[in-house]
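Multiple structures are listed underneath, in structure tokens.
Look for chain A in each of the two complexes below; its partner is chain B in the first and chain C in the second.
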Partner chain A sequence: MGIIDKNVMLRNRGKMLLGVYEDEEKVMAAAKELTGHGIPVLDVYTPYPLHGLDRIIGIKRTNLTVIAFICGLTGFSLAALMIWYMNVHDWPMNVGNKPLIFATSWIPVMFESTVLLTAFGMAFFFFWRNRLAHGIEPELLDDRQTDDRMVVVVEAGNVNEQEVLSIYRKTGAVELRERLNGTQKVVG
Partner chain B sequence: MAHHEAHHIEISKEQFVVPAKAKMFTLGAAIIGLLLTVVGVFTLPTDSSHSANSHAKPATHAGHDNHGAAAQEAHKVDPNLVVDNAGHETLFPKTTHKDPEHPKPAFTRFWANLLVNGYFFLIISLAALFFIAVNHVANAGWSAAIKRIPEAMLTFIPVALVIVLVVLFVARQDLYHWAHYEHQNIAKGAPGYDKILAGKSGFLNSNILLFGTLLFVSIYFLFGLKLRSLSKKEDEVSKGDLTNFRKSVRFSGAFTVIYGFSFSVLSWLIIMSVDAHWYSTIFGVYNFATGWVSALTIICCFVLYLRSQGYLKIVSDEHVHDLGKFMFAFSIFWTYIWLAQFLLIWYAQIPEEVAYYYDRFNDPQFKFQFFLNVIMNFVAPFLILMTRNNKRNPLVLSIAALILITGHWNDVYLMVMPGTIGSAAEVGVLEIGMFTMFCGVFAYWVLQALTRRSLIAVNHPYIEESAYHDVGP
Partner chain C sequence: MNHDSIIRQPLVVGGKTPTDVTADISRPILNKPSTSWRVGFVISFIFLLLLVWTIGYTVWTGIGVWNINKSVMWGWDITNFVFWVGIGHAGTLISAILLLFRQKWRMSINRSAEAMTIFAVMCAAIFPVFHMGRVWVAYWALPLPNSFGSLWANFQSPLLWDVFAISTYFSVSLLFWYLGLIPDIATIRDKIKTKAGKFWYRVFSMGWTGSTRTWARYEVVSLILAGLSTPLVLSVHTIVSTDFATSLVPGWHTTIFPPYFVAGAIFSGFGMVLTLLIVARKVMNYENYITIGHLEAMAKVVMLTGTMVGMAYITEFFVAWYSGVEYEQYAFINRATGPYWWAYWSMMFCNLVSPQVFWFKWARTTPWFIFMISIVVNVGMWFERFVIIVTSLHRDYLPSSWVMYSASWTEIGIFLGTFGLFFTCFFLFSKFLPVINMSELKTILKNRE
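Coming up: the complex of A and B.
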């Protein structure tokens, strides 16, 4: 779920309240309960996608499609520019007396270039956006969040902390924790 | 997985009853279309010397013979060079037989239109069957909720087959110049002998045209009936019984293989042979793409309609979104195939190949429709269906669907008309009327077929997966 969230750098955040679960149904219930009480859920970390959860906690749709469109347009224009420069401007090439400027014969190159830049651009921005690169320390809230545990995160500050913790407890969290400046403390 | 306490979806059988309004609208379209067709037929520009049974009259033979004569004359010079109407040698052998002196009989336009519409709805119904099969083979879950719609669409196969067979049986000598040539039975070396057609006659002959079409489509339809009956049986057994589903998967696998290989042959027989001197190795794929994208569009239309009437309760915007994606994606696929055929021929400029596009791309009569084809089947759906919101908006989807269906009709029109009636082709009352009639009949037929079983395949093993289908925000 962290993929879409804007502030993927957890270390930049203040105090957080974590509810650790081992059952997806309980996570869904907790997310509903929290948002029902007007408590914004920062994120939920799960080993596999929970369908419908993104709607419950109100995660915005990814902007990757916009990136794709811009990259595609760039590839398309660059290819057109390249063909124009090479085959029309710099060295006019007569192939079978076909018109020099005729988009139909340019299509394969423009198409391939569009696809290439879209694919590269999306992959690059995806990794960049998610801080996925060699040498970057992954920020796991719980070592088992990639295995069989799910972590619900609420940012402390404008919320009633006791209420959050009681909701965690009520919905069946196996562990409650606080996290501040990278250190965690079990609170229940 | 979202179904726990988030929302529970009730999956129950739904019995569809065709609303009186829908009956009136579809039958009304059929009747108005029929009237327009009749008006169109009676107002055809007639020539007193031509009648419907042209091939029985020696006077009208000249129209067909022109080609043989031209080919024969060409043999003296170069097999690739043909003498055009004005007597000039041209690089392009004409595939269309446009000869102002000897036009085709006016009634041929009626048969050509029947072929366009019959074939168009035939490939749509076949593609609907392919949709079911390919979803079984791919083990797809999302489509389980809408599978009854393509199941109903495939029942139109026999109707379209009968129409196509009637056209082929009655009017093949008017529509296919090779069939007329075959009828003439010209000996080798005699005047009018056509080496190319004679060489192809082992495949391109009336027997294979009629029996091949009948055989292929009958086999497809038998598979369709089998898949339909297995799906119906599934409704009656207890939930969790996978016997019918497993059988369906096996039959689907066999069908996809048979259909994949033989559909090309079918398209060569019925459509590519209109321009018998010409050939394209990608033609079968191109025809498949046309039928497939049209079928997906029509499935989407029925889903939108049934939802608007309160049916298909388990079908959500997610399914509609997926169908919109299909329409978008396969419009691009169609364009890819269309361009692959066009671009290579255009660039290589080999006379016997380029003749096909010479008639469509360079001829002012078809030029507008040729470009319209790309605009309606690529540019419009590409721009309209690009954004996510548009794919989830029933109104926008309907507009795109209307453009796509008309556009692909135009596509088939462009495949058939230049080679059959050439200069006599025109989109007039007859064309519009007959297309309207076919749309009305098809829609009525499918709506009736939908009433014959529950709209929801409640015992389909993937029905729950389909009900909770979610493509995310």
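Coming up: the complex of A and C.
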């Protein structure tokens, strides 16, 4: 299905140039420098979110908010339908002569159901889109990328490799690497 | 773009780097448990066994082993239910409402507070479920087809709203907690050496790599979940309060209940967070992460919500007089001067008077003192629920059915047992999962505003 974002996957790619950093400001500088030179950054792997980096490397704002809204609407309608069917249609129940349809007493259950479906629906699509599932083997570039290191990834191919490496070097990368078919080689 | 704040105290002290954060927070997980952990775990587990035993006895013999009766049909059970649900409010409040208000001090405490929420809601759910008596038909509370009886569930009943509210709150809190844990589980996955550890942390990290694309979406999802959880957390105790407020029992039938219960829930939740974290920061050496500043901020919340609750107690009294309804007036006079006067005045002292010491800076910044007050708050909030439930029920409209109520040893055992469940879960959590949100904390190390 087209829901998985192919950009989060590293397999079946050609040669990649990796710049390993230990400082978030240097990563931001490198990302700016690369995109400033017209070099597309495939991704940056960081142990914690770097705010603003997504916009620098040109990641579009997610549509998950729309999905959340649709899920919420579904939850709201399903709850209304359920209560209507059970308490109005199938077995009308007169409680203290209160109105049968859309009594204020429907609100709590409709609200809870809206929240429940929004939360789980959105989380489900978030996992799907980012190819997150239980037991998946992570595609790690550095065994410290979830600890204190950050890895900038540029796909070699249409870019000047030497220019990329020199930008990495200039912006303070601690290590430069090449990755081809899952094997990495330190190049500086 | 970034600059150091000259006004605010740093949220993490000790000049920590991301490397230090990973090392410090994952130490309890990567190493063998300490002696204090083992002792604490064993004690908690014994209390958990007490829970199993007393509940087994209740189910096997019948609900008659509790001292509830035709007048006081809700006793310790619902008192404990509301007590635990209230405690379960701080976690989501800290992570959701404080996230929306951009209160960054939440980052050191939100993980453990959320864990606490989940365990507290588990403890809470035990009471109404076993109070049903025939617990094997507890699923009748769900909206199931009427072949199980002749009717569908009644959606006009606040008790049914509660089923939806508590189960939604539990599921969404669990999701929120787990979502926050994924990046940290991935960190542990890449650090741990044991074979079983590698396997399980790999399973639960869901293949997390820390891609900026994922992070960007992750932040949006967290924000929406926070936005959803904020009305959710307010709705849960509102609905719990309607269990009482929609009835015609004097002392319950009041419109002030929803805001009053929510304030009380936040108050008791922060009380329990303080109790746990003051011990945890000492035992686990997290004083650089959970600083005096954090304790002070929480003490301020306790003072504010305690005062709100106290205000509600006084307002209730005023309205009972102002309404001119003699049954309502009697219910409140009976609370303060009747046979349960000791419970009422304990509640007043613990919840209204004692948090006022936090006006003094010394009181807000001295851990052992905050710990003492937090215990007083926990006790006070239990008494609040006892007062609301038992004093309103024990003298109803018909004086011939007036009774006194005191808990049986089974009821006491179940209550103590839920502490066993709560702390057993908390000890397991502190051993196998990072108690502080590492990935979030790493973003504020440089004290940026």
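What we mean here is this: the second predicted complex is superposed on the first by the 180 of 188 C-alpha atoms of A that agree within 3 Å, B and C clash if a C-alpha of one lies under 4 Å from a C-alpha of the other, contacts with A are read in each partner's own complex, and residues count from 1 in each chain.
Heads up, the rule we're going with is that contacts are C-beta pairs under 8 Å (C-beta built on N, C-alpha and C of every residue); 3 or more make two chains touch, one makes a residue touch a chain.
The structure displayed is predicted, hence computed values, not measured ones.
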| item | value |
| --- | --- |
| Fit-or-clash call for chain B and chain C when the two complexes are aligned on chain A | clash |
| Chain B versus chain C as contact partner of A:P47, first or second or both or neither | second |
| Contacts of A:A80 with chain B and chain C, given as first, second, both or neither | neither |
| Partner chain(s) touched by A:A123 [first = chain B, second = chain C, both, neither] | second |
| Chain B versus chain C as contact partner of A:Q145, first or second or both or neither | second |
| Touched partner set for A:A156, first chain B, second chain C, both or neither | neither |
| Greater chain A contact set [chain C / chain B] | C |
| Touched partner set for A:A29, first chain B, second chain C, both or neither | first |
| Clash-bearing segment of chain B relative to chain C, given 113-121, 257-265, 293-301 or 419-427 | 257-265 |
| Contact residues of chain A, present in both the chain B and the chain C interface | 25, 50-51, 53-54, 59, 61, 65, 95-96, 98, 105, 108 |
| Chain A to chain B touching residues, read off their complex | 24-25, 28-29, 32, 50-56, 59-61, 65, 95-96, 98, 104-105, 107-108 |
| Residue ranges of chain B in contact with chain A within the complex | 1-2, 4-6, 339, 342-343, 346-347, 349, 388, 468, 470, 472-473 |
| Complex interface listing, chain A residues touching chain C | 5, 7-8, 25, 43-51, 53-54, 57, 59, 61-62, 64-65, 68, 82-83, 86-87, 90-91, 93, 95-96, 98, 103, 105-106, 108-109, 111-113, 115-116, 118-120, 122-123, 126-127, 129-141, 143-148 |
| In the complex, chain C residues that touch chain A | 2, 17-19, 22, 143, 146, 151-156, 158, 160-161, 164-165, 168, 171-172, 175-176, 179, 182-183, 186-187, 189-191, 202-221, 224-225, 228-229, 231-232, 235, 239, 242, 438-440, 442-443 |
